[in-house]
Each structure stands twice: as structure tokens, then as C-alpha cells.
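Below is one structure, written out as C-alpha cells, with a few remarks after it.
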Amino acid sequence: MPPWHYVGSALAVEFEADPKAAAAFLPEGLELHSGRCAAYFVEWQYASETGLEYLDPIRSQYRETIVLLSARFEGSAVAYCPFIWVDQDVALMRGLVQGWPKQIGSTWITRAYDLPSKAAPIVGPGGRFGATLSVKDRRLMEAQVTLRELTETPPSPSFARAVNTRHFPELVAGKHDLPAVHELVQLKSRDVQVSPIWKGEAAMEIFDHPYLELPDLRPTAVGAGYRFSFALTVDDLIPLRDLRTPV
Amino acid sequence: MPPWHYVGSALAVEFEADPKAAAAFLPEGLELHSGRCAAYFVEWQYASETGLEYLDPIRSQYRETIVLLSARFEGSAVAYCPFIWVDQDVALMRGLVQGWPKQIGSTWITRAYDLPSKAAPIVGPGGRFGATLSVKDRRLMEAQVTLRELTETPPSPSFARAVNTRHFPELVAGKHDLPAVHELVQLKSRDVQVSPIWKGEAAMEIFDHPYLELPDLRPTAVGAGYRFSFALTVDDLIPLRDLRTPV
Amino acid sequence: MPPWHYVGSALAVEFEADPKAAAAFLPEGLELHSGRCAAYFVEWQYASETGLEYLDPIRSQYRETIVLLSARFEGSAVAYCPFIWVDQDVALMRGLVQGWPKQIGSTWITRAYDLPSKAAPIVGPGGRFGATLSVKDRRLMEAQVTLRELTETPPSPSFARAVNTRHFPELVAGKHDLPAVHELVQLKSRDVQVSPIWKGEAAMEIFDHPYLELPDLRPTAVGAGYRFSFALTVDDLIPLRDLRTPV
Amino acid sequence: MPPWHYVGSALAVEFEADPKAAAAFLPEGLELHSGRCAAYFVEWQYASETGLEYLDPIRSQYRETIVLLSARFEGSAVAYCPFIWVDQDVALMRGLVQGWPKQIGSTWITRAYDLPSKAAPIVGPGGRFGATLSVKDRRLMEAQVTLRELTETPPSPSFARAVNTRHFPELVAGKHDLPAVHELVQLKSRDVQVSPIWKGEAAMEIFDHPYLELPDLRPTAVGAGYRFSFALTVDDLIPLRDLRTPV
């Protein structure tokens, strides 16, 4: 039961993808704004209103990779997520309810520590951070960011403005194409907080894959990289449009 | 190849175990100092001298649970480790070389973030942290610490003073009891750094297990809990005594 | 897209639970038939119609623990599943569409081999098989079966006759109690095949858990154990009743 | 403590590698026999003499990928293992004692069932089996075998004739190059049993990797594929030669 409280530490990379390929991932009701995409690699911790789940942290912690496209809904800029991977089932289920098309994947992100060491980067100019995503035993993405300076501007597209597709299929014979739920929704977070944002240059690769379509979004150019933390609470959603074909 | 650089964030709990049970874990050459034990739950990051392994963090990060006993070697206070669990094979192998009797286990530790959130404790008075250990799908240990104040004194016994047993068995028939390597060694870290140390009250449980002997060290009393970070480099070892039975 | 083809090797245990506790898990529309329950531990392999997923077996194989209650729907005996755990996300998603309330869990089952060895039981009188379930690093169930004889009668309740609850929540504020989908459905498998069924005596334990309700079904008596394989195809479902509160 | 009893079901592929690359993996004392190699993907179950570990199967089951080279020791044909990956620490430790250079890796192998199903291959002409290896979230090997006929001849090189290097490093400063144990040993299994052996055509790929040297053995040609089971007991070893540099 919501509200759901989250805090996460993110490494993010802005990149450009082929606009035609990006547009092909958009649902009805959204149009492409530009080929600008962003990948977020996040180390999350979660708690319900009274649960203190983080004291039994296997219930509370998870790592996630989120890919976002730049889209428009009725003229306003929004973000749309064609791919997202987490490593815990509870996060997957809460995500499905919000329309995040979550699958299970393995995300790793360089950590910073509050001590100087050859085993960790500094959070400051020259600090180098990496992140990787693997799905079903195959490496899918690798990113590296070298921090240079503080910025006031978070990466874009931002998942603060995400529009998602909630979807629940039908299985009755003859109705496999008529989902029970298929609707465009706008996420609504509250109590959002953001740490100071470090920005720098980035490198990123998306690898070939035999059946996932993520490589269609392979970067044609890689932009800036970012590192920051943020916290938010979710307990609401704005329905935008029912996408089911009228029967 | 050493040197090996480490930085870790630790939750630690001091506790008392039955002295007879604790003494039974000591190798020849060590005697028990007291029933005082400590459990450390650590989230590590590692790098070799030039490897920057933390940029591909699955190579560099691991979580570890360490149990230490209070022992004496030739009159000096030392720590001895009867049980230690990690979640990455590379850490296991480097540990075996140092005499840590590492097995694979699953450790989880509450994380702190640099933002206020219901999803994370504060690093300060009242902040509550938890840690758990599971081995082969069974929960073995659970600990909770509530931070109260800063302290100058790290938990004791400390693994800065660990004496280990390096061991490599023989498999030739008739020689299974005559290990190829069996020696008492003193660990030697350099470039050790410690963050400010938070201290508070703690709770800890060790659960029954059908074949592991860890429950012999079940707490008869639980002392203080701690949270801190530390960094160190390993590339040396002091041999103390050959423990092989003369043939 | 269905059809979905499955083949599995199962260890099953019949047991009795407190009827009041069992009845509390039933949705509206079902009534309890008896306190008789069954636990199935299954090692599955899956393929779509043309996918040959089993050639990249991480896409195709999964292990599952299923708990079934004996219920009635409009006078007919059916099975109802309050708990089911799998270890792969694709199986979880296909399960949700069928109304199986799948969570991620770790199931292990003794294997038989076609060679005599001290490392494996025989599939025949005296062969001993074990199975375990763990969820989020806690052991939840352990079962053992000693085979005695072949039988024509599969364990009961049987998931061939399962009635499930398809459920997809609403997240819009003020509507958290009004799910978008909440319906009773009857599973419909085709091309079902069953191997010879071995039967014998069984032991089973359900362990305490801090927040899962499975221990409410702790066995008051343990009945027979079974080992067998079966194959089936799923591409249809019979809707029985819409369970949503009329708005 | 030995004896250690094992039973496994294997998919194997014979292939040719560049002889110069293969020879570079051999320790002093062995010379290359030919560029012929074999990869074995094995689903194992283990038991100690009295332990019945397979009743708590997470203690007993593991999957393994083994790469073998064709070598000679004092004129006799032997097999030498440059790479081996398992997914359980207990198997890793028992392997190290035998000189297997085990690391942790993720192996998946198609299963056969005793029922006809689109979700499983037949064990007979036309049955198609796959196997994959991944290490630290990267896919390293993929193999496929199509069964054609029974054969009396097992794949070659065979790990029945393995010669291994037992190795335990020194960590005392200045002695990192003088291992405490470094010796050539001949494995000695007893009570070996082999099932009927199916043979057919095979395909196999070894993928690029940023730091593992396995791709040096990339197939220049792929030979036959095999599927069979075998059982054996280990409790002895023949020391062949001490490889430590005289001090």
C-alpha cells in the first residue's frame, strides 16, 4: 500500500539516439520531441510509511537501470521509458503498478566513500565513476562518467516528468490483443529532494543483443554525465488516456 | 598481485560469547583473552595498484560478514577470525591467501544517503541501521544499531590486529590430515584510515543452523554498536608459526 | 504471446492445515472444501511456439514452489493458490497474467540421474528426495519424500484444477482499494501429459517468518509425498467472476 | 573430508584452438599434444560419504564449465585445464585442493525430461541442446549440440586423465613470486561410471573479454558434440612434480 518512500544515488548519462528508432518505442498519444535520451543507474533504498524496511535491507535495497526518451504529450515535454531493469521483485511489482515496464536485470555502480583511497573515486573534479547493466547473463550497457563541476541543471529527459503505459494483458483465447488494462498515465511524485549535482564528460556503450530491442537506441553521440542523489514519495498517478482499442 | 587497496563502510556489534565455546575455535599457538567478540558487516570496494576495477564495479564491490574473537599470541592481544562470509569469488581467493577462512554468504547493510528521507536513517543520534547474513538460503545473523554519539575508540576485537591461519589441504591418500600449508600469520595493513566513528546501542541474534558451528558463539550479552568507514592496503604478512605436525 | 509450453519435474507433499487459517486466504466466490493442502516444488523448462528458448536455457528454466488449498467454486472442487515463488522474472510475468500471485524465491530440488551413485537417490523404492524454499534470504519450507511405489493417483489438490485471482491495482489517489483488474478465473491447460507417479512417505516443515503469512498454513499433519513429471500448454483462461466492488 | 562422490550430466564440445595459444597455458612439465580442446558443461550433484547433502540440495548441486587442452606428461597423453567455472563455493574449495583453477561463473544447460514436450528436446536423433557460460555479468561461451547417434567413444581430451597444478600463493613481502604450494598432480578418480553417450554435430562461440584470456582459445574449428552422464569418487591424488623455483 502506498505511500512509497524512495531515496537513491544515481549515475546518469545523456545521449542521442536515432530519432526514427526512438519514435518507434512511443505508445499512441505520445510523439517524439527529439533523439535526446538519458540512462540512469540508481542504487535505491525504499520504505513504506511505517515499515522501516531498510532495517532488513534485502527488503528495501535494489539497483535499477532506466532508459528515458524525450517525448511530448499534448504539446508538453515529457519523458517516456521503453526499458527499465531492477534486481528485486518487490520493486518490479511496485513499478508495474506505476506503468514502468520493469524486468529483472543486474546493475552495478561505482561507490564513493568518505575517505581517500585508491579503491574509490573522489566526489569532485576528476572523480571517475562506472556503471554496468546485464540481463540474463549478457552485458547490455556500460557507462563511465568523469566529474568536472557542480551544476544546477539535472540531466534531461528527467524521470520527474515521466509518462508511462500501465498494461495488464488478457489471456482468454481470442482476446490476446485486447489488454485488460492499457492506459497512458503521468507519474506524480511528492516531497522530491535533490542533492548537489556533479556533472562531467561521459562515455557509454549499448551492446548487441539477440532478442532485446535496446540496441536500437545505440548512442549516435554521448553527452554529459551526472552524479547526484534524490528522494521522493509516490502515492498517486494521473490517468491521461485509455489506450485500449474499442471492442 | 598485491598491493590490494580496500575501502569499506562497516556496521559493527560487540558481544559476549561463552568463553569455552570461543576457545574451542582457536588454533594451536593462540589462547583466549576473553569471551568478548565482535561482528563486522562491511560493504567493500577494491582496486589493485593500477586496475581501476571500481569502474567495472562487479569486479570490485563485495559485502562481507566477519566474526572476531579476543585472543592472545605470546602475551599480546590479537583478534582471531573463526568465520567470515563474502559474496564474490575474487574476494574469497584474496582472503584465503591471507588466511581468512572465507565462505560465500549474503550480507545486507542499511545504507545512508546525503538527503533526508523516510527511506534512510540519518548518520547521527537516533539513526537506525540493520545488517543481516544468510548462508546457503538460511538466515544466520541479524543485527541492529541505533547511533548515539561519536567516539574515538573503534570496536574491539579489531581486525587491524588479526592473526589468521593459512591453510591448504593435502589430498594424497593417507595424508588428508597433513595439510600442505598450515601456519599462523599476522596480518599487516598499511595506509590505514578511519572515518569518524558513530557508536550506540545494539541488538544481535545468531540463529540455529543444522551444520555450521557459528551458533556456538550465540551472544550471552550484546554490547555497543558502531558505524564507520575505513581504508587500507595489504601487500605483506608476518609468518608467526608453522602449525603442521612434524612428519 | 501464448501459447506457452511447459515441462516440469515435481516433488509434491500433501498436508493438512488449520481449516480456519486456510479459509482466510480464499477470495470471494470460493469456499473451503477441506484443510487438505499440497506443496509442489517444480523444476521447469519453457518454450514459446517457435522460440526454442531452451537452447539459451537462462531464458527457459526456472524453479518454483506452489502451495495449493482445497476449495469449491459453485459446488465443484477446485484448487486455490495463496502463495507461489519462482526464480525468473519472465515466469513471474507470465504467471501474473494467469492470476498466479508469484513472488521471487529460491527453490532447490534433489535431482535423479540415470547412473547409480552415492551422490543421487534412485527413482524407485527407498529413493530419498528433498526440496527447500527460501525467500529474501530466509528458509521458509523444507520437505523430504521417500519413494515407495507407483500410483495412478496424482497429489490432491492438483493445480490442473486451479482457480486464480487476476489482480492489477489502481494507484490514483483515493482509489487504492479499487483495483483495475480483480477477477476470479479458471486455468485451462491443454496437451497435458503426466509421467509415471512415484509415491511414498513425506516430512515437511514451514518455518516462522516475520511478515509473510505462509506459517498460518503450518502442517497439522503431513500426508504422502510424490515425484513425477508433467507437460502442458497454456493459451486460454475461463473468466468466472468480476470481484471488483461496484463503484 | 574425502571421499567425495559426484554424479553429473554433461554437454561437451570438441574444438580446435591455435596450438601456440594453447601451449602458452601449459605449466612447466607439460608439453602440448595438439590444438584439440574440449569444453564440458556439467550439472553436478555431490555427496560426502555419509552426508546425504543432496537432501538439502543447495549444499549439493552446482553447474560447471570446464575447458581442457590436449597435453603430454613424460610422453603420456593427459588433459590440462586452464579455465573452470562453478557456481557454488563448496565446489570451488574442493576443486582448489585438487588443483582445478576454479572461479565463480554461471553455467546453464538445456534439460531433457521423460515426457514429449515442445519445451524440451528428445534424448535421441535430432534432439538439440544448448549451454552457456557467463562470468561477472558477461557472456563468455555459447554451445549447441544436435544429437545424432550413440557412440562408445567419449569426448577427447577427457577429464578422466587430467593433470592439474595445485597452487597456494605466498603473501610475505618480497616472496609474492614464491608460492607456498605449486605442484603438478595427476587426478585419481575411482568407481567411474558412464551412461550411454550421444554424439552429434556442434556449434560453439567464445566471446571477447576485456581481461580474461579465454578468447585466446577461440575455436578455429568445431568438432563433435556429446551428451552423457557420469559418476565418480575422489579421495586421492598422485603428486607428479614440485614446480617451485628452488630458493
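In order of appearance the chains are A, B, C and D, and numbering begins at 1 in each one.
One rule holds in what follows: contacts are C-beta pairs under 8 Å (C-beta built on N, C-alpha and C of every residue); 3 or more make two chains touch, one makes a residue touch a chain.
Bear in mind that the values here come from a model prediction, so they are computed numbers and not experimental data.
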| item | value |
| --- | --- |
| Between the pairs A-D and C-D, the one where more C-beta pairs touch | C-D |
| Rounded Å distance, chain A centre to chain C centre (Cα mean) | 33 |
| Rounded Å distance between chain C and chain D, as computed from the means of their C-alpha atoms | 35 |
| Where chain A and chain D are represented by their mean Cα positions, the distance between them in whole Å | 40 |
| Sequence positions of chain B contacting 2 or more other chains | 56, 58, 106, 108, 132, 137 |
| Pairwise touch network: line, ring, star, complete, or other | complete |
| For the chain A and chain C complex, residues of the former touching the latter | 1-2, 56, 58-59, 88-89, 92, 96-98, 103-104, 136-137, 166, 168-169, 171-173, 176, 180-181, 185, 210, 234-239 |
| Complex contacts: residues of chain C adjacent to chain D | 5-9, 43, 45-47, 49, 52, 54-58, 60-61, 106, 108-111, 113-121, 128-132, 142, 144, 193-195, 229-231, 233 |
| Residues on chain A engaged by chain D in the complex (per definition of touch) | 106, 108, 132, 134, 137-139 |
